[in-house]
C-alpha cells in the first residue's frame, strides 16, 4: 500500500466511508420493502371491499370476491398448524428436557434443518405422491394441510426449542422438589412458561402457510371453487394460488392487486405479531 | 395421573424423530417415482440438452444451467446487500433504529413468493425491456427477484453469527484505539466467519429451490441463455410448469428432476451444517451447563488489530 | 443420640466423571437443626441435592455409597422419587417462586399429591403460611403474583410451600444468602420455633448463623467431611485445625 492510498484510507476516512456505504445498502433493502408495500397496498387496498371479501368469485376471478378462497386458505392453514404443533413441541421437549447433546440430538437437529431447507416445490411433489395419490386423498384441503404441517414443522421445532431453553432451569428443580414428576413439571410449569415463545412459532408457521403456493397447488389443486368447502376432502384454491393465477394469466389487474393486498397485509400483521410476542417473551427472562 | 417417565420419554422420542422420518419419506417417494426412469434412460440422456419428454428425451442440462445462472446472479446481488444489512443491524444501528429495522426485515421475509414474482412482472420486467432491451422476462429478472428474496435468510443468519461474537472482542479492539469499522472488519467479521458462510450457503439453497417467483419472471424457454437478458428455465420452474399435466414417463422425469434438486439442496444444507458445526446451541443456563464443550479456538479472541 | 433420621455413609458424587464429593459420612438427627458449613465449591449443595435425588435426576450426577432415610437406602435404586421428595422437602439458595399467585405456589405440591377440596387447600395454605410467619403479611394478597413479594417474603413463601407438603425432612440451601438481616432473623426465628416438628438440614456459608441456630454442625472441605459434632463443641473445641481456621475466618 503506498503512502497516498494509505492517507486516503486513513482509519477515520475509512470509517466514514464504510458507514455511508453500509447504511446506504440498508436503505436500499428498506426501500425495496417500502416499494413492495406501497405498490401492493397502494393499488390493492382500495379494491378490498366488504363485498370482495364476502362474495363468490365470478367469471374465473375476473369479477366477484374471494370468500370460498379465504375460507379454504384458513382451513388449510389451521389444519397444517394443528397437525404440526404436537410434532414440533414434542420434538422440542424431547431435545431440551429428555436428552443430552449427542449423536441422537445431532441427527434430529440435522433432520429439522434439512427439512427447513427443502424447497416448497419438493414438498409439493411429495404431498402429491403421498397424500393425493398413494393415500388416495385426492386434491383436498386435507392433503394440503398435512403437506403444510411438514413444511412448518422445522419452524415450530426451532421456536419451541428456543422458548423452552429460555425458561429458567430452576423451575424444573422447584417443581420436582415439590413432588411433581418430570412430565407433570413440563405440563404444569415449563410449557406454560414457554407458551408465548411457542406461540411465536405457531404464528410464523401460519404466516408461512398462508403465503405458500408451490406446495399447495399440487395438493389442494387450483380449480376455482364455487362454494364454501363443506369438507376437508374437497379441493380448494388458496389465496396465494388464486393470486398466482390472476397475475400470471393477466385475468384481472384490480382483483390481482386486491388479493395481493389481502395476502401481504395479513402476513405482515401476523409476522409483526410474532415478532412482538417473541420480544416480550424473551425480555421477561433476561 | 402419573405417567411413568419412561413412557413419556419414548413417546416424545417418537415425535422427535418425526422430522427425520419426514425427510426420509420425502427422499423415499421422490426416488421411488423418479429413479427408475433415470436408470432406464441412462445418465447421458438425463443430463443431455434435449428436453422433449413426450418424445422420450429427458435432458435437463439447460434447466440445470438455468438454475445455476440465476442462483449465481442472486448471490451476486443478495450476499453483499444482506451482509451489509446484517453489519448495520448488528454493529452500527442504535437500538432505536434496530427496533424498526429488524421487524421490517421480518416483514420482507414473510412476503409470499408469488408477490415477489408479481413485483417482478409489474416493475422489473418493464424496466429491463425499456432500459436494457430484450423481452424482459429473463435470467437477469429472475436473479434480481431472487437476490431480494434471499436477503432475509442471509441477514438473519449472519446477524445471529455477529451477535454470537462476545462483546469483549469488540471492547478489546476499541480499547486499543481501533475505529468501529476496523473492529468490524478485523475482529468481528473474522470471528463470525463460519456463521456468515453458513448464511450464504443457506441463501444459495433458497435461491436454487425458489419456484413460483422464478416461473413468473424468467421467461421459461428451454434453451442455453447466451446473455443475462435471455429467457431461461430453471429446474424448479420446469416442475411447476409441467407437473400439472405430465403423466407416465414425463411425470417420472419430473420426479427425477426433483431428485436432482433434493440432492443439491441437501448437500448445501450439509455444507452449511459443517460450516456452523462449531457453533453448538447455547446451553441452557443450568447447573449442568459446562463451558468445557467450547473449543479453545472459539474462546480466544483473534488478535484485535493486526495492521500490516 | 437416638437413631438418626438420615444417615449418610461413604457418599461419593461425580459430575461427568469429575469427583465433587468423596467418602462423606454424616448423621442427621430427628427434630433438630443440622448445619453444614464449608467454603464455596466444597460440595455442600451437591450433598443436599443428593438427599432428595435432584442431583441424580437433574444434574446427572453419579453417586455411590448410602443415604438411609428411616433405614431405607435411597441410593439403592427403586425409590419412588415423588414420595421421597414429599417427605424430604427443599428450599433453594435464592427465592424461587413459580409463575403464578402466592396461593398457586402454596397448593402446587398438595394438589399434585391429590388434595382437591377447596377447604382443605385453604386450610393448608393458612397453616403453612402461619408456620413460616408470613400469614399476616400476605393474607390479603394470596391471589397476587408471587413475584410481587419482597425477596425475604418470597423466600419465606418458598419455605411455606415446602412445609405445605407435610415433609419430615427440610433441606435448606443457604436460605438467607442475599437477604437482609431482618428477613434472615425472621427465618432463623421460624426454624427455631418449628425445630421439634421437622428434621432440618441447613447449608450455610455464614458460620455465625450455624452457631446461632443449629444443634449439630458438619464441616466439609473440598468434597470431604472434615469434622462433625455438637455445634458448641465444633466451634469452641474443634478436633481438626482446619475447622478452627475456617470458623474463625482464617481461611482462603
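Miscellaneous remarks
Per-chain numbering from 1; labels A, B and C assigned in written order.
What we mean here is this: a contact is a pair of C-beta atoms (placed from the backbone, for glycine too) under 8 Å apart; a residue touches a chain by one contact, two chains touch by 3 or more.
Note that the structure is a prediction, hence the values are computed from the model and not measured.
Comparing per-chain C-alpha centres with the mean over every protein C-alpha atom, the closest match is chain A.
By C-beta pair count, the most extensively touching chains are A-B. Put simply, the chain farthest from subunit C by mean CA position is B. Chain geometry summary: the mean Cα position of subunit A and that of subunit C are 48 Å apart. With centres set at the average Cα position, the gap from subunit A to subunit B is 16 Å.
Centre-to-centre separation between subunit B and subunit C, using Cα means, comes to 53 Å. Shared contact sites, meaning residues of subunit B that touch two or more other chains, fall at 2, 286-287. Looking at subunit A, residues 170, 181-182, 184 sit in touch with two or more other chains. Along subunit C, residues 58, 60, 82 each make contact with two or more other chains. By the touch rule above, subunit C contacts subunit A in their complex via residues 52, 54, 57-58, 60, 81-83, 85-86, 89-90, 92, 96, 98-99, 108-109, 112-113, 161-162, 165.
Subunit A contributes residues 1, 11-12, 14-15, 18-19, 21-23, 25-26, 28-30, 32-33, 35-37, 39-40, 86-87, 90-91, 93-96, 98, 101, 107-115, 117-126, 128-130, 134, 150, 153-154, 157, 161, 165, 168-170, 181-184, 207-208, 210-214, 217-218, 222, 240, 243-244, 247-248, 256, 260, 263-264, 267-268, 270-272, 274-275 to its touches with subunit B in the complex.
For subunit B in complex with subunit A, the residues that touch the partner chain are 2-3, 5, 8-9, 11-13, 15-20, 22-23, 25-26, 29-30, 32-33, 80-81, 84-85, 87-89, 92-93, 101-119, 121-123, 148, 151, 155, 178-182, 184-185, 202, 205-206, 208-212, 215-216, 236, 239-240, 243-244, 254-255, 258, 261-262, 265-266, 268-270, 272-273, 280-287, 293, 308. Only residues 100, 170-182, 184, 188-189, 192-193 of subunit A touch subunit C when the two sit together in their complex.
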